[in-house]
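Following this line, the structures themselves.
Here come two complexes built around chain A, the first alongside chain B, the second alongside chain C.
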Partner chain A sequence: MANYIQKRIITGILIIVVSIVLNFTLIKLSPGDPIRVLSGQDSPSPQMQAELTAKYGLDQSVFMQFINYVGNLAKGDLGVSILSNQPVLKMIMERIGPTLLLALTTAIIALIIGTALGIYCARYRGSRFDNIVSGSSYIFDSMPNFWLGMMLIMIFSSSLGWLPTSGMVDLRTNYTGFNYYLDVFKHWLLPATTIVLVTVPYYFRIARSSIIQVMSEDFITTLRATGMSESRIFNKYVFKNAILPTITVFGINLAYIVTGVAIVEIVFSWPGMGSFMLDAIHRRDYPLLMGIYLLLSISVAIMMIIVDVIYAYLDPRILYKER
Partner chain B sequence: MVFLNVKKLNVEYYTKNNSVHAVQDISFQLDQRDTIGIVGESGSGKSTLAMAILQLIPKNTGKVTGKIEMKSKRLLDLTPSEIREVRWVDIAAVFQKSMNALSPVHRVGNQLSDIYRLHEKNIPHKMLKQRIFQLLDMVNLPSHVYKAYPHELSGGMMQRVSIALGLMHNPKLLILDEATTALDVVTQTQILKELMELEEKMGLTRIMITHDLSIVASSCKKVAVMYSGQIVESGFVKDVLYNPLHPYTKSLIKSVPSLKGENRKITAIKGSIPDLSKPIEGCVFAARCPYAKEVCFQSAPENSELENNRAVKCHFVKGGEFVWEEGKQTIV
Partner chain C sequence: MKKLILGIFIICNTLLFACSNGEAESNSGDTLVVGAVGDPQTYNPDARPDDNFYPMAQNIYSRLIKLNNNQEIIPDLAKDWEVSEDGTEITFNLHENITWHDGEPFTSSDAKFTLDMIIEQNGAAVDNLNSMEKVEAPDDNTVVITLSQPDASFLGYLAWYATFIVPEHIYDEDNWDSGTSVEPIGTGPFKFVSHETGVNVELEHNSDYFGDTPKVDRLIFSINSDQDTQIQAFYNGEIDILGGAPPIAEVENIVNSDEYKITPTVWPSRQYLAFNVAEEPFNDPNIRQAIAYALDNEDITMRTDGEIGEAATHFLSPSYEWVLDDDYLIPESNQELAKAKLEETGLEPDENGNYLSTSIDMFESGNFSDIATVVKEQLSQVGIELTINSSEYAAWQEKVVDNQNFQITLLGGYQGPDVGAITSRVSTTGDSNFMGYSNQELDELLDTAGAIFEEEERASYYSEVQRILLEDMIIYPISEWVGSDPVHAYIEGDPFSEEAIGKTGFAEYTYVELTE
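Moving on to the complex of A and B:
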């Protein structure tokens, strides 16, 4: 197992290194001129252009730019945003909290609800409940999340007036303690519902189909023949065999946690990474973009390692193949 | 005294548009310590018969009618909890494809202990472990199998694990459903030999479901030949396999290649098993039978009972002989 984890970590580091190189290259290759954006003019004077180019090190060779970039990274310096003139790391840190709050909670809630529904529907396959849930899973799965978000705003905020339309806190008040958390919770409720409703179908279908598949395996017949009760067969044997695909999907979902909810964040003006990243792309804020992408690749790599290790722990066949 | 009495057993599977009559009016009796081989080609209903005896046919896909009596218990009338009591204590089984007989993500020892505890709830942990090691030893497996996962064992080892699992509670009846089919002949012989020794010790009654006639010949006392859901010929192995009367038994024996003697052509049986979702008017084998006459397509043959517990379902078996042309005995 230790050997396996070590291998995974090495692979993870390689992925991060490769993604740093790719990030840099892709941004260099992308169209658009940051100098023009910086100057705020369509055709800045040559003098101004030269000044800015020198200031941001854009006059050096691409290779030197890369070396500088990596050198700064090693010092924990992700650079300074072109537009706001603030350190990128600080800007990301300010924004990542709300995103994690929204994305992590909804990922876990969707995992629990989807898997529970999947398990229940697999056990009572063909029942009316199963038909209703399976049918609506396709509806929510094909629903665009921004549209669903807007509908929820229309119903619960505009018409009924129960919940706030946007943001994470009410800026007109100055809540502290419990009232502050209650306020955040109220703001959280609608975007979270939107994300949960569109992600539950994934977990639901994965759980349902893998349970149905495991239930038809030969060893289930053996266990039945031994006189084991259906509930024991299910709780001990079916569950552990059927949960593996769910973990894979959960891992993939977690890997994209930082950007996965971007659209919903924009719809609800949630102060997270979503709108922040789109802004950076629009305005060609290279240092900021590279910082966000780096963060993304690191989170993908870490999640992959974690999921692989959980997987190996649950399914002994994986370690066997590695040997 | 009759130990197992199967009488007029019928199994019907329901599909969306029709129903398949997989086992039709099967009756046979077994005494204690009897061994019976049930042979037939794929799709003849052998495994369904085993599943019916084990009460493993799901209620929503199939219906079992008739009578299965074990000693004085009517198995088909038991409640679900009574069935669970009977399982593995009275009737145990070794299934085909033993590689998949256990959960791939739990250790072998864990699963064996778990199943053992089902019927002996209060056994202390230490004794349980001892008992499992004893079982592994009985089927000639090393003790490290206890901690192994199923994928770490070979096919032969998994087969032994399955047999150990089946013999765990000293069952009275053991059903082997193609249990050795996937193994090479050396391992197969070894396992059969071990099994027969254990059987001798434990006083087991065994039902062996297979399509391999040599296994039946070498390890069973009785045999029943199944074709499309019916037993067409049954009796003692020495009668049925050495002097077959039913044309199907004859062709089945002829389709086995022989290692001895001159090269002889293997004759396959032409055609395939009939569609069981439609009722068959005459004899079930008529369509493929080289001896079929008009009468075979019109009426189903009676089950003629001969001496020595032998029974044959064929129009041309009269007085213990196969008489095809009037007055003349035909030898195939």
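Moving on to the complex of A and C:
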């Protein structure tokens, strides 16, 4: 097992290194220039442009810029944002909390609800409940999340006035203690509902179909022939086998946790990474963009390692194949 | 399973109920919440252009002189000023006993420091102030600016963008352009309190302000990343003042409702088409004129701006009514004439009836994509096929401005604070002229007009400018930018209101009161 984990970690590091190179190249290849955007004019004077370009080290060759970047990275320095002159790491840290709060809670809720519904519907396949849930899962799956979010705002905020439309806290009143958490919860409900509603169908369909598949396998028929009770077969044999694909999807989802809920964040003005990232792209803030992409690559690599390890633990056949 | 669902339902309901009854530790005094589109990028409002911080800076900082919402120059730190006979020396008399928000005294030396730094450090206003030769501070309450030549636009530019006076005791060469790392200290009606990224910027009223003390205690800019959500937050009462023009689909709703007030105001900013005259096919004036005849800008405006829209009628902004010449109006739509013009150039319709295929380059901004769509539809009626190339700003800038790789482009932007601003868009050396257009006669007229202060004499030169713009048809003005900023009916004294309009500038909330 230790050997297996070691191999996975090496692969993970390779992925991060390759993505640093790719990110850097792709960002430099895209049209547009941060200095031009910074100047705020359609066509800034050449002198102003040259001074700013030199100030941000963009007058050096792309290769030198890359060497400098990697050198600083090795020292743990992600650079300084061209936009706000603040350290990139500090800016990301300010924004990542709300994103994690929204993305993690909704990922777990969607996983639980989706899987529970999937299991229930698989066991009572063809029932009226199964038909209703399966049918609506397609509806929510095909719904764009920004549209669903806007609909929820119009219903629950603008028309009914039950919940705030956007943001994370009430700006007029400074709540403290328990009331503060309640206030955040109130603001969290609509974006969270939006994300949960569009994510549940994934987990639901995967759980449902893998359980149906496992239940039709020969060894289950054999177990039934031994006279073992349906619930015991299910709990002891079906569940463990059928949950594997769900864990993969959950892991992949978590890997994109930093950016996966960006659009919903923008719709609800949730102060996370969403609009922050979009802004960085529009203004070609290279250091900030590189920082966000680096974070993304690292989280993808780490989640892949974790998922692989859990997989190996749940299904020892994987370890045998590796040898 | 059913029990589980029921359980979750009950928990959610309990929490919801609990939420709606949450007790507030409310603050005393009034809080005004205004919508904002994004986080400030720089707290030094002169260092670089930052539209996100601009409305906040309007309340935190002061200038020597400022523009009110009617685009007129009004006093700010300077209570009055005089221009010398020859037009090259301007003397400003400042208010006395002004203090910065941190308690330090403000003097004329801060003003000199700021204006010098804008030039030295390539501040955002450096091009606008290029006729400024030197700034002197003979005593604590006097500032004298000497110009290299008479410049009728100078006072307007000084009163406009990125000319806020900043404290000499805070800034130096090293921290001048330091983004958001130095907290803003101004002399304006509101003091900076805090900024939480992605959430809000909070200001409190400055009881030592040299002008009238603001009526609200706290001014909060609520950062909303999505325009459609922002308007819903406004309807829901989370925002008192929208903080910008509403989405076009919502205008009718706001205009017809008793709950809101809206005061549409035409700004010296307009949307227009610009042709690349250096290349085929638009190097031929006949084809440019054919486009002008094919288009109906009243129809475009009606369909893209709705009932508050204002179609362009002249080649110069209607904010400068005194220069408008009715002899040189934008031509009225005439499809027959458009086709005749195309045929005059020797073009023949192909099997689909198309004389010409061309493209328009634009970036995503406001109603640009709506305008392009209607333009495409109107041109198709005279046999001109238009492809719309839409990109984001940075990519557009590289393609159109740097590489001049375009045929038609859609532009907008401020054409003030003085009518002379048209120079940068159409003169040979103009910063915003990337059409490849050069007309010596026009350049000379613009130069001469720029140095004349007397309106009637100046207007005669701009008549000629309009004549040339009509003849050459290098730009086709579509619509005026109509500024509107809806407020709830309980708000009095917003910058567009009768009470405030002579005294405050854009997004300045000194006179705002919550009457409920």
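Methods note: the second predicted complex is superposed on the first by the 323 of 323 C-alpha atoms of A that agree within 3 Å, B and C clash if a C-alpha of one lies under 4 Å from a C-alpha of the other, contacts with A are read in each partner's own complex, and residues count from 1 in each chain.
By our rule, a contact is a pair of C-beta atoms (placed from the backbone, for glycine too) under 8 Å apart; a residue touches a chain by one contact, two chains touch by 3 or more.
As the structure is a prediction and not an experimental result, all values here were calculated from the model.
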item: Combined model on chain A where chain B meets chain C, clash or fit; value: fit
item: Partner chain(s) touched by A:Glu51 [first = chain B, second = chain C, both, neither]; value: second
item: Vertex chain A, arms to chain B and chain C (CA centres, degrees, nearest 10); value: 150
item: Partner chain in contact with A:Asn241 - chain B first, chain C second, else both or neither; value: first
item: Which superposed partner A:Ser142 touches (first chain B, second chain C, both, neither); value: neither
item: First, second, both or neither for A:Tyr120, with chain B first and chain C second; value: second
item: Which superposed partner A:Asp183 touches (first chain B, second chain C, both, neither); value: second
item: Chain C versus chain B, contacts on chain A by residue; value: C
item: CA minimum distance (chain B, chain C), superposed complexes, angstrom; value: 24
item: Residues of chain A contacting chain B in one complex and chain C in the other; value: none
item: Residues on chain C engaged by chain A in the complex (per definition of touch); value: 1, 4, 15-16, 18-20, 22-27, 31, 33, 38-39, 41-42, 48-51, 122, 124, 126-127, 177-181, 196-200, 220, 222-226, 228-230, 232-233, 235-236, 238, 392-395, 397-399, 401, 411, 413, 431-432, 434
item: Chain A to chain B touching residues, read off their complex; value: 217-219, 221-229, 236-237, 240-241, 314-317, 320
item: Interfacial residue positions of chain A with respect to chain C in the complex; value: 30-34, 36-45, 47-48, 51-52, 81, 83-86, 91, 94-95, 98, 116, 120, 150, 153-154, 157-158, 161-162, 164-176, 179, 182-183, 185-186, 189, 265-272, 274-276, 278-279, 282-284
item: Residues of chain B touching chain A in the complex; value: 54, 56, 83-89, 92-93, 95, 97, 100-106, 114-115, 118-119, 149, 151-152, 162, 165
